[in-house]
Structures are given as C-alpha cells and as structure tokens.
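Shown below is the structure under consideration.
Going by the order they are written in, the chains are A, B, C and D; count residues from 1 in each one.
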C-alpha cells in the first residue's frame, strides 16, 4: 500500500494493512515534525512533492524492499502540504516472519525514501525565517535511472 | 508506560503515549502470533507470566533504555493468557529526536525483553501437541542480579 | 528454615504444583535450594542446568544466600515477546 | 525542439515559475538542457552541481538524450521523510 496525501496519516490503518498470520513481527516508523533542531526553533513545516514521480518512487521502494528482505507486507504513506509541530510527515510499516528482518526492512525503507523520493521540506522558523532543506545530492539515486539498482546489488 | 495485561494490546494508545514535539522519530514494534514455524502449525499460544517480577523487569528496561539511548519516551506492553493467531503478544514504542536512535532503542528493548522478562510461551499446535518454548539460558540475565548491568556496560 | 519456591511454565507443570516448600539450613544458598529441589522433584533433573532462580524479583546466582523472608522462584529460560 | 522543464522546491522559487520552456536542438542531452536552463535562469547557477534531473519520473544522468515527448524535471536534492 502506497499513499501520497495532504491529509493526516492514519498509521493504525497502515499498520493493520501489513499484519498477517504469516508474520510474527511488525515494525512501524513515524517521522514527525520536531520543534527544535539545535538552536533552530521550528514553527511549522511545508512539504512540497513532485507527485507523479514521488508515487512512482514509492511504488518502486515497495517492490524493492520485498526483493531485498523477507517481508510479508510493506506500506508507506507520505504527507505533503503544511504540517504543524508533532504531526506525522511519513509512516512506514513492514511485517516479516521474524523481527530482525522487520527492523532491517523498515530502516532500509525510510533511509532510502529520504534519499530518493522527490519531496522537499521547507522550514518555517518561529523568528519568521524560512529555509529549504537540501542535503547533498546522493549519487545512488540521482546519477542515472539504473544506479539505484546497481548500488543495491553491490550492497551486502 | 509499562503494562502487563490479559487484554488485547492497544498499540495506537501506546504509540500516542511516546509522541512528542521533541521527537522527530517514533518506532513501534509488534510481536504477533505467527501461524507457521517451519513445518510446525500453531493453533494458538499460551503465555504465562511471573507478574510481580515481570513488571519489575519491564520497569527496569524502560529506565535502562533511557540511559543507553537518546530516547524521548518509551513504552512497553506485554500480554499474557491465551492468544489467537495474528494477535499482538508484545508492543514496544520509543521516540527519539532522530531515527537512528529510535530504531536502535526499539530493537534493544525487544531483544532484551525476550532475554530477561519472566514470561513463557507454550505452543498449542493444530495436531493437538503442546510445547513450552525454552531457549538456552542467557547468562546476561540469569546469573546474578548485577550481570545485566555489567554486560551492558561492556557493550559498545 | 522453610523456603517456598514459586514454579513457572514447564517447571510448574513437571512439579504439578505452583510452588514447593523446602526445608533448608540457615544461610543456605541458591545452590543448596537447587539441590534440595531436585531431591524433592527428581523430574526437574533433566532441566537442572537450564533452571533459573530469582530472589525478590531479581535473578539470583548460585552463591546468593537465602533468608526466610525472601520470595524465591525457579523457572526455565524465558520465552516471552 | 521545445522542452518544458518542471521545477520544484528552491529551484521553483528561484525561477519564480513552476516550469520553464527551453528551445533545444534535436538529440539534446540532459547536460545540454542544464546549460540552456542556466543561460535562461542565471540565478540557479549557484546550485548547478546540486540540481538533479528526472525524465519521465526517473532520475536521469547528464548523457541522457531527450525527446520532445519526454516529461523533464529539475530540482534540488530531496529532503522528505
């Protein structure tokens, strides 16, 4: 299950969607809007998405996590638009027969999502300043369409 | 928040209890009743607890995870009694400013819980056979009351 | 002194009882309790090495000295979660 | 050929537009589009190295050849999650 939405994320529904009698372990990750980053005091966040490409990227991630890990079910929901403090920007849920694979798959999903899915975060600080957050380009996702697969095949 | 209960676990309430404006990451782990383990076909599970000691052990884990990791909030709920396929036996939720610590803390909590908290699982198979599951004794939790701390201090 | 040992899981089932009372000398250790328990319930012998002991809700080593007011428990390795 | 480049996040704000139209020779590459975009919008120059390109919803390298029917986008490194 893949979702890109401007509405609040229902993480219970996402979690229920991955539960299964075949799975003994479920891992849910929530990314939420944090108030402080060092001295910077966030008032609210704005997420912008390239919706068509973001949905395609999320679908690819859902397929890839099943190939890389022993995953029973996987689900991802990402919100965009304006988010207030404490609200959920992203939720990732995976189920697996055993817990080690569930943790590894959940962590890989959120790490890779943050590298590859075309969504951007703009900080609105309490002093009125704004800032687009742009990490360094990650060659694995950005250099060519096959590089993601190539990098993954080289990983342990 | 620590809970040892014979009622179904409300993991949404557990998750809400750890959400915070100070945290940018929440990790929830659910341990659920799996139908197949290799060829063995489970019909239902029975969990037995030593309640007084189990609650004391869960409280100690909640304190210890805060000392070992950058954890904003932590919560654990373990169920006992009869559980049907797919039901939740244990739920662990942690929040942290950043996701790496949330994953590490959640994984440490469930791993250590399974080693140390006096709760036992009895398999009831579909062919009518029953089996108490008893892993090898884990020296870290069992040899003396200080050994858990000792082992943890030696860990990286 | 009389020490009541709480039993759990397979230990409880093998004993056919939720607890067993042991008559131990003063200053007896967990190791002494273990020996007395196995005399009283030979069926537990196969699990001698695996059985864990707790005193007052904490795991206890063999050399832990018991007092008459201690809450003592004996059980197999745990398997919750 | 005319290629419309979709812009996002800081690239959109710097350009002051959600897209920009480039006039490129046939068989132009992503690198050619990048050069034409910077001529058209010098304000993006500071981000030249960081800007990523996508063609038809997939990341595209500099040597990717563009066709007039391609959906082309240009944006800074992503920061979702």
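What we mean here is this: contacts are C-beta pairs under 8 Å (C-beta built on N, C-alpha and C of every residue); 3 or more make two chains touch, one makes a residue touch a chain.
Since the structure is predicted, the reported quantities are computational estimates derived from the model, not experimental observations.
> Just to be sure I understand the contacts, which chains border both subunit D and subunit A?
Chains in contact with subunit A as well as subunit D: not a single one.
> So what's the Cα centroid distance for subunit B and subunit C, whole Å?
25
> How many Å are there between the centre of subunit B and the centre of subunit D, using C-alpha atoms for each centre?
49
> If you look at subunit A, which of its residues touch at least two other chains?
Within subunit A, residues 31, 110 contact more than one other chain.
> Give the residues of subunit D touching no fewer than two other chains, as numbers and ranges.
none
> Could you list each pair of chains that touch, in label order?
All touching pairs, sorted by chain label, are A-B, A-D, B-C.
> Spell out the part of subunit B that touches subunit A in their complex, as residue ranges.
11-12, 15, 19-36, 85-86, 95, 97, 99, 102-103, 106-107, 110
> Report the residues of subunit D in contact with subunit A in the complex, numbered from low to high.
6, 8-10, 12-13, 49-50, 52, 54-55, 57-61, 64, 71, 73, 75-81
> Considering the complex alone, what residue numbers of subunit B touch subunit C?
For this pair, the touching residues of subunit B are 31, 47-50, 52-54, 56-57, 78, 89-90, 110, 113-122, 132-138, 141-145, 147-148.
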